[in-house]
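As written, the chain order gives the labels A, B, C, D, E and F, with residue 1 at the start of each chain.
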Amino acid sequence: MTARPISRYPVPSLDAMPEDMRARILEVQQKSGFVPNVFLALAHRPDEFRAFFAYHDALMLRESGLTKAEREMIVVATSGANDCVYCVVAHGAILRVYEKNPHIADQVATNYRKADISPRQKAMLAFAMKVALASGTIEDTDFEALRPHGFSDEDIWDIGAIAAFFALSNRMANMTAMRPNDEFYLLGRLPREKKA
Amino acid sequence: MTARPISRYPVPSLDAMPEDMRARILEVQQKSGFVPNVFLALAHRPDEFRAFFAYHDALMLRESGLTKAEREMIVVATSGANDCVYCVVAHGAILRVYEKNPHIADQVATNYRKADISPRQKAMLAFAMKVALASGTIEDTDFEALRPHGFSDEDIWDIGAIAAFFALSNRMANMTAMRPNDEFYLLGRLPREKKA
Amino acid sequence: MTARPISRYPVPSLDAMPEDMRARILEVQQKSGFVPNVFLALAHRPDEFRAFFAYHDALMLRESGLTKAEREMIVVATSGANDCVYCVVAHGAILRVYEKNPHIADQVATNYRKADISPRQKAMLAFAMKVALASGTIEDTDFEALRPHGFSDEDIWDIGAIAAFFALSNRMANMTAMRPNDEFYLLGRLPREKKA
Amino acid sequence: MTARPISRYPVPSLDAMPEDMRARILEVQQKSGFVPNVFLALAHRPDEFRAFFAYHDALMLRESGLTKAEREMIVVATSGANDCVYCVVAHGAILRVYEKNPHIADQVATNYRKADISPRQKAMLAFAMKVALASGTIEDTDFEALRPHGFSDEDIWDIGAIAAFFALSNRMANMTAMRPNDEFYLLGRLPREKKA
Amino acid sequence: MTARPISRYPVPSLDAMPEDMRARILEVQQKSGFVPNVFLALAHRPDEFRAFFAYHDALMLRESGLTKAEREMIVVATSGANDCVYCVVAHGAILRVYEKNPHIADQVATNYRKADISPRQKAMLAFAMKVALASGTIEDTDFEALRPHGFSDEDIWDIGAIAAFFALSNRMANMTAMRPNDEFYLLGRLPREKKA
Amino acid sequence: MTARPISRYPVPSLDAMPEDMRARILEVQQKSGFVPNVFLALAHRPDEFRAFFAYHDALMLRESGLTKAEREMIVVATSGANDCVYCVVAHGAILRVYEKNPHIADQVATNYRKADISPRQKAMLAFAMKVALASGTIEDTDFEALRPHGFSDEDIWDIGAIAAFFALSNRMANMTAMRPNDEFYLLGRLPREKKA
């Protein structure tokens, strides 16, 4: 099952990559146990690779009023709406791990309205979906709907910016036919001792 | 996690059900090890319950040019398009089991065009999606597009009828907020020895 | 005009049908004066035929807070939205007869918002259309919007289940190119004495 | 049933209208036996009334490669797509009369692909629907698709211009909640002797 | 750049036109300094030409609670939504001139929600867009939403009728591939002395 | 007209920015004569600012089979589809300057099918629009449609990646209500001597 190509485009070998990219990838591999294919597929274009991951980290690793799990919810919900297999599978895994909930990703990817999440999180995803699917219609009232849930303006920027960044990411994955690693499918689905 | 309601509507206890329904449910329980919530949620209306499962069996158990796994692909793809958490999770599990492929359901539910399936199966799902989403536009050319893949007219009826039946099923699940059993999420994701 | 096929699929003769199906059809014929083509077209698949009409009767004949005419309004409105000629023409006729109103079906099929129906009935059809066209977005607020109009939870089930069942029915009719009987077009359009 | 208002806006009496408008309306009344409500509803704005009917006549009465019935098919199909009760009911009646076919209007209004019309007429309606619903996407290939059916460039102008004019008409009828006359519903549905 | 055809259809010369049309066109030419191509393209069909401009003038020149600039805003916003290059460019120019604002047309054509216009004007455009894009869903509440902004029922007719008329106009321009005059692009973009 | 805020979010002063960002902005100012507001609005989040412009430059400044003007066409067409005033106005200006064509941006933003561009460029924009609006449906046939126009696989990556990057950019601009600088509106619209 794993001999299938991971991208419509050529994928460079680790050896052939610039040192900074190789270092980044090896670091991920060490932490995760494997190299997510997005690193390999985007390495075809080093400058875009660097900008992509710098942007990703700026949004996903910064201090925020959103937990890391909440940020992954945004990714999973909007990637589902964009029919992006790579992002649903890969970020679904990360969401399960962060949230320590083996069911949440399948729910959020299919229909966040039916997911086991809080009203605050549903309001967050409603805004994120609007940014993803109809950003031209965002008005002040959309901001106002988030404030009673305790979201600050900076939190709202985070929600919208993550939806916007994965609008880019989903389109790159769909265009390149990026293939999720087999490892993602099971990640976070088993009780802790089995993961060890 | 399991105390959440499985339906917006009251769910009868097994004891309170008519004998034929209880028998059917106990049979499923014995085979699967648990009772899928669709049986309990729809038991609220016995006559509809009986018709629903008679229809389901007529389509999903009959002799057909489609394998059982292919029929589940139709369910999973169209249920994804209809944002139906119950059907994606439950039938995704069945698809994984039938196909002995732990990755296929997540792919098909998100975007069948990117799934590890044959061109014949992609043509099948393209027709099923048209029945699900724009049945008024089906024309003779849609039938003709399937024949080079070896589908007979009876096979095409099966494809369309399954998409049509799950148009009903998805709407019932969405309206009642039907909740998938926890058991489905992991089913078919592990190598065989772990399932034992 | 009547030599045109009533289905893309073969239609069995009454003689060739199983006894229970023939009996059902003869009963309809006696009551209506003709055999609606849906009985003949679906007879191509006896098990599906039986389940289909069992489901139909469970919803359309049961005791309900909805009148029979209101149930047909749901059929006509959602079938119009699904571009289903068979269901609009056949159930439009039934709606006219039940409601003793020769104009209502054309109004409801085209735009229920402009039909000569009550605010309660417009609210009913708004919910039915949401089940038909965007069931994944149904939320508790949709249920709450119906209660001031006097709809019980069981009534709401009926509304949604009828919309769901005809989601199936419309798709089968569209896929098989089911042709409405000529008789339906005029039914319920004339003052009573002319119908005799 | 007839005391309902025919427009959201005031409707002038015949006496109060300018002479040219009254003459036009009386002429229609003499020919049809009643005054179609569009004449009364639009009389609220005399200059628009005059331009509207001048435009209508320029398209619907001119010499053309399209029969008058074909022109009404365009009206009925696009008005169905625009959910316009007035135009579907009124022009449906005219179509039945011109085509001497009691079934055609209900078919064309619901789904022209399933109507008892020629392939040439289906091609005509496909173009008309594109003008009605997605005119920005019309390209030379759309013109080329019509020529093998024998449509000249002037015929194609007629098709598109009728679809365009009823884009206006449907919107006016929807905005004003224009009500079809009761007379239209039955017109053209009965064999000739009954109409007398 | 100007040798490109201004229509898919033949364009008559001024000499060959009926006297009333030539007079009208010469009057426009004198006022504007050039003949807008819509006059030439529609002159292919004299009767439609006359009705079109009569309708246009009835709406755009009448006394109204809407300023002439506001009426052009409706044209520009709905023409943008209909992807009509001719109307966006030509009426964008007129809007800039009337409003003495070189930026407004580009804003309104792209997204009126972000334009430098008043809340009253945004409400006006929201109604106009609903007439343009989903007129079947207009209900009394849409009228009620406009009244607090001071719009009378006659003003609302103007808003809707202009949106409806340009639904026609946009479709004619798209079908004929009507080309905007080069002159329109710069009109109203420069401070007054440069225009002289 | 210029006292209006350029973003829903606070905009830092040049003095308060990190040195690298200030340097970048001053460089742009020197080249363009003003600071495009996107630099100021995104400076609210320095890390995202750096990644955004690194990504932008990686795509828009690299060697490519696409001219710089063609890359701006992609931006303008997809930004129009996304109703993004900032990007249509700002990149429309850049497109006019690069292409030395004062009309092209308004055409491409409204409807690229009607723009004065080559068949090759229309094919390019058709692919870009599919990435922007329906990336999940991209298939091998979409790549194949571009090759007869001389696009290499690397060119196609550029087309898709630019559409993907501006999917992000449009959403950020829409969410923050980013306001285009007044300077952009006239840029590239005048013969060269007037620009001096």
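FYI, a residue touches a chain if its C-beta (ideal position, glycine included) is under 8 Å from a C-beta of that chain, and two chains touch if they have at least 3 such contacts.
No experiment lies behind these values; they were computed from the predicted model shown.
Homomeric contact subunit A/subunit F is classed as same-residue, with over half of its interface positions used by both copies. Just one of C-E, A-F or D-F has an interface built like that of B-C, with over half of its contact pairs in common by residue number: A-F. The distance from the centre of subunit C to the centre of subunit D, with each centre set as the mean of the Cα atoms, comes to 28 Å.
A straight line joining the Cα centres of subunit C and subunit F is 51 Å long. Contact with two or more other chains is made by residues 83-84, 111, 136-137, 174 of subunit D. Shown are all chain pairs that touch, namely A-B, A-C, A-E, A-F, B-C, B-D, B-F, C-D, C-E, D-E, D-F, E-F. Contact residues of subunit D toward subunit F in the complex are 136-137, 139. The touching residues of subunit A, counted against subunit C in their complex, run 111, 113. Touching subunit A in their complex are the following residues of subunit B: 1, 4, 80, 83-85, 88-89, 92, 101-103, 106-107, 109-111, 114-116, 174, 177, 179, 182, 185-186, 189-190.
Those residues of subunit A lying in contact with subunit F across their complex are 8-9, 44-45, 47-48, 50-52, 54-55, 57-59, 62, 82-84, 131-132, 135-138, 143, 153, 157, 160-161, 163-165, 167-172, 174-176.
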